[in-house]
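Okay, so here's the structure we're looking at.
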Amino acid sequence: MGPETRNDLKISIRVRSHLRYSDLFHTVLGQVARLVPLPAERLDWIALSLREAVNNAVLHGNKNDFSKWVEVEMEVSGTTFTIRVWDEGPGFSPGVLLDPRRPENLFKPNGRGIFLIRQFTDRADFARSADGRFGICMSVDLDSNEDKEAGE
Amino acid sequence: MGPETRNDLKISIRVRSHLRYSDLFHTVLGQVARLVPLPAERLDWIALSLREAVNNAVLHGNKNDFSKWVEVEMEVSGTTFTIRVWDEGPGFSPGVLLDPRRPENLFKPNGRGIFLIRQFTDRADFARSADGRFGICMSVDLDSNEDKEAGE
Amino acid sequence: MMNHRVYEKSGISVLELKGSITMGGGDVTMRDLIKGLLEQGKKQILVDLGGVSFMDSTGLGELVAAYTTARHHDATLKLVNLTKKIHDLLTITQLATVFEYYEGFDEAVSSFKN
Amino acid sequence: MMNHRVYEKSGISVLELKGSITMGGGDVTMRDLIKGLLEQGKKQILVDLGGVSFMDSTGLGELVAAYTTARHHDATLKLVNLTKKIHDLLTITQLATVFEYYEGFDEAVSSFKN
């Protein structure tokens, strides 16, 4: 890619911890997707991943405490698109995650958020920010034609 | 306003210096406007002010150098909505600004951007960031019913 | 934002959903709507998802909860008009093995007769 | 994104603009379109702004440049169908004192006859 066509960008949106902001994040992602561009067939799944991460930040991370903050970062750098969602909670150990496809979990109403994030993004890691916040960091490779949607 | 209804938020969008991102900023502003909410009759004028500031950052500030960055910040804090637009240029002295309404300026194709910003926002100041960037800082009072549109 | 409509068709209660079924996406949840039908004694419920443009894991959870609640009331809950995206979601989560779902509306309605 | 259409009406060249007239908002600028008409020798130009949803100071500058270029070619440029927002912009910048503009299309067309 020539320098003029690269879309390096870095967006940060910090809001009070509330689900009312999910549509803001979703819309911004949609705009970024047109610029980057993100493959159209992956956009809805990436948006789903973003929403799952925000739901978790508001509910599990900040425990619905409106005085806490959620931050969503979107970054395009080279051929990687990264979304980070930060909350002010204690985080958790990925060991607690269960496979929602196992028969004993299939009828549970919860426990599919991070599973879906892992299906629909190319990489998902948990992180601790310099200022102590907990985050999930999700990446999408922009130059791969691999169809993650069909994954596993 | 009760704490649950306040919409404190802070958005930062950093992109390479190019006018192709103007629609991204404009769309984000539109979303923020719905949340805050910004008075509907002022939204187009605030969007115009944002676009004027971004045009100036890309053209005058960064002189169309795509390797430079433009940052747009939007912040809601209490009853003030603030937009800041930062570029990596030398800035300028407001003394160079001419009144575009004066007969000798009326037929010039340029020189109306900052004049319009001052008409449509409640406060517009120039600033230098801690890391040396030049910025314009535009504020809108959310609780005033004063119709700036009809101003002067 | 979720919208809904409930109507009867050949003795079957049809719950037609439209819009986004997401966390915080509406005042009424799918769960409440299904509970309402079960409390009215309805035993055959068809959920029409044709107009659902977006669903997250909360939406999937609502579907699962609706399914098991129906079971507890000896009622049957089936799905119809799955979009490609929702079908994909059910497949990936293996919920496709749980739900009885149909492509066409008439087919779904007559399946209750058997 | 600006769209345009040019047509003749009672000997007058009408330039109909639609969409946003902003910096970087289109491949063709209003200035170029007006220049094209002047180079074809057109002397009476009516710019129809009814479909313009958004205009920034660049758009205003284009209008001013079009006006003065027309003058240099001994041509007349008038405006018609100003939206409330564009009228406000012209008023605030006092460009309303520069341009001849009309509310109605027929009125604008017949004004060239005088």
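Order of writing sets the labels: A, B, C and D. Residues in every chain begin at 1.
Here is the rule we go by: a contact is a pair of C-beta atoms (placed from the backbone, for glycine too) under 8 Å apart; a residue touches a chain by one contact, two chains touch by 3 or more.
Just so you know, these numbers come straight off a predicted model, no measurement behind them.
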Can you list every chain in contact with both chain A and chain D? B
Say we pretend chain B isn't there, which chains still hang together? A, C | D
Please tell me the distance, in whole Å, between the geometric centres of chain C and chain D computed from their C-alpha atoms. 55
Can you give the whole-Å distance between the Cα centres of chain A and chain B? 29
Report the inter-centroid distance (CA atoms only) between chain B and chain C in whole Å. 47
Where chain A touches two or more other chains simultaneously, the residues are 20
Please output the residue numbers of chain D that touch at least 2 other chains, ranges allowed. none
Which pairs of chains touch each other? A-B, A-C, B-D
Interface residues, chain C side, partner chain A - complex: 22-24, 54, 56-58, 60-62, 64-65, 67-68, 85, 88-89, 92-95, 97-98
Looking at the complex, which residues from chain A come into contact with chain C? 19-20, 22, 44, 47-48, 51-52, 55, 59, 100-101, 106-110, 112-113, 115-116, 119, 149, 152
In the complex, chain B residues that touch chain A: 3-4, 6-16, 18, 20-21, 23-24, 27-28, 31-32, 35, 66-67
